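One chain, chain A, appears in both complexes that follow, with chain B as partner in the first and chain C in the second.
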Partner chain A sequence: MAVGRDEKKVTDDLEIFSADNLQSNMKIIYYSRTFLSIISGVIAGILGLTGLTGFIFYFLVMAITSVGLMAKANFSVHAYFTSWNQIIVDGFLSGLMSFVLFWTFAYDIVHIF
Partner chain B sequence: MMNLGFTIGVLGVLILSHAAYSTIQYRGLLKIVEEEFSGPPMTVVLELLFGLVLCLWAALSVPGKFISIHPDSDDNRIVSLPDNLDFMIFNHRGKVLQPDTGMKLKC
Partner chain C sequence: MAEELVLDTAIRDWVLIPLSVVMVLIGVLRHFVAKLMRSNQTLDAKIVKEGQVIVRARNLRAGANFIPLKSFRARKVYYNNEENGLLHVPKGQAQNPQAQMFSDPNMAMDMMKKNLSMIIPQTLTFAWVNFFFSGFVTAKIPFPLTQRFRSMLQNGIDLSTVDVSYVSSRSWYFLNLFGLRGLFSLILGEENATDDTQRMMQMGGFGFDPSKSLSAEKDGLDIVQHEWALPKFEKRAENVLRKLVG
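For the complex of A and B:
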């Protein structure tokens, strides 16, 4: 019985974390991704990328961003986040929207007008 | 540190807009010599890469540092006491039921 209680205590300890700090970390990641999706959209527009190449460029930049964020967290993800997905996957789709917006915007300014 | 990152970000955006302006001029030149556009010149590509690196730096440094989510790490110490301390009474019957919060007080 005592052993079972100890095990339960260990798992409880693992799940305790500061939700405020987690939210603040998520907000930092969200800011970084949004800014970089805008910047990568502008760059893709200036380069004159069209079609699939632009989306490949976006995923490339976001992969670089993920690596940069992991380096910022000193590669010890579990001290700052609950799972790897939060640092690698979160914010991809919302960033994609701003990417497409600024991609077409920069492309129009540079190549069409 | 934050100010430096912000300055670098502004510099990166300025470099990107200069690259866009150069590309516009290059398109005008191509129109005069009547050639097809197959991509911006090498200098502009290098400039774009440089601007991307600067903006990457800014995006990673400006929003602030990550804070540890572990309850017993140094980031989560209580550094200030609440303002209504005078109204708090600790000498009551509840003190026999000591809660086990595990928080650390910074002296």
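For the complex of A and C:
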């Protein structure tokens, strides 16, 4: 979960950034979100969370991820990404699908049989 | 929940876990088979040349503000002028992509291979699941759902009294099919062959016309507003240095 290099700088009206590095940053966000959604799914399943609590758990984990990513970027988001949305929103829904699957899987194995 | 179903642990050991593991393994297998079958086709020199020209023009557009106006103009003319500019495509010379496809059997072959590597394993696994595991409850989703999801989640069970959160094996297969994409992108890397939606997009854009992208790049270069950035940079550098010194 390392955030890529800082190459993007914002001047007054001109944006100078390296597209490759931006993309690699995005990729890292995507990977860390997917990874965490799978892990949190398994944890939620083992803990036996059901219904709304499980989804709240997911939101919580994603919020912590966002904070962690921001901390990794030294809270100067514009040095690494073009907007706040990228760090907070991206990969949220695609992670939800993996989360639900692994949540169900772990929950079933541990609890319902 | 009014009534809790008691499921046999044998279902877990012999259906739920094997099914999930098999889905993952088949995804991995498909990835490597697709990698193996990808023929390294020899590219036409002309197409490569055009692609490189487009890349160069794009670089010019991206870096336009870092060169003086005069240099930018000179380069723009080099790409865009109406007689012999690199991006200029004479009328009537544009190749019909359909004809190009038929002239190159490799292309059609490649597409067919890609499709087959996608369809065959899916059909096989679906048939396998259907044959061995049809007709009983396999799993239970840990959150309640409305009646509308019944046809989706209890595909293969014809009971209307079972709680909707119980999932049949066939539906568990579908859940796996969609939910494992994230896992595949983690274990197989970026360009894994299992991403079906991207495949569809590629098929839509199949048979792309190089002359079209040439002229699109030309238009893009035409509308670039040039503003030399370097004068401002001296000031910026001055600020940074002052901050360091002061």
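Rule of thumb we're sticking to: the second predicted complex is superposed on the first by the 100 of 113 C-alpha atoms of A that agree within 3 Å, B and C clash if a C-alpha of one lies under 4 Å from a C-alpha of the other, contacts with A are read in each partner's own complex, and residues count from 1 in each chain.
Following the convention adopted for this analysis, contacts are C-beta pairs under 8 Å (C-beta built on N, C-alpha and C of every residue); 3 or more make two chains touch, one makes a residue touch a chain.
Everything numeric in this text was worked out from a predicted model, so none of it was measured.
When the shared chain is aligned, chain C comes close enough to touch A:Phe55, but chain B does not. In the superposition on chain A, A:Ile109 makes contact with both chain B and chain C. Of the two partner chains placed by the overlay, neither chain B nor chain C lies in contact with A:Ser66. In the superposition on chain A, A:Leu47 makes contact with chain B only, while chain C stays out of contact range. Once the two complexes are overlaid on the shared chain, A:Ser98 sits against chain C while remaining clear of chain B. Of the two partner chains, chain B and chain C are each touched by A:Tyr31. For the contact definition in use here, the residues of chain A common to its chain B contact set and its chain C contact set are 16, 27, 31, 35, 48, 109. Residues 11-12, 14, 16, 19, 27, 30-31, 34-35, 37-38, 44-45, 48-52, 54-55, 94-95, 97-98, 100-105, 107-109, 112-113 of chain A are the ones touching chain C in the complex. Residue ranges on chain B touching chain A, taken from their complex, read 9, 12-13, 16, 19-20, 23-24, 27, 37, 39-40, 44-45, 48, 51-52, 55-56, 58-60, 62-71, 73, 75-76.
Note for the complex: chain A touches chain B at residues 16-18, 21-22, 24-25, 27-28, 31-32, 35-36, 39-40, 42-43, 46-48, 61, 64-65, 68-69, 72-73, 79-82, 106, 109-111.
Residues 7-9, 11-12, 16-17, 20, 62, 65, 139-144, 167, 175-176, 178-183, 185-186, 190, 227, 229, 232-233, 236 of chain C are the ones touching chain A in the complex.
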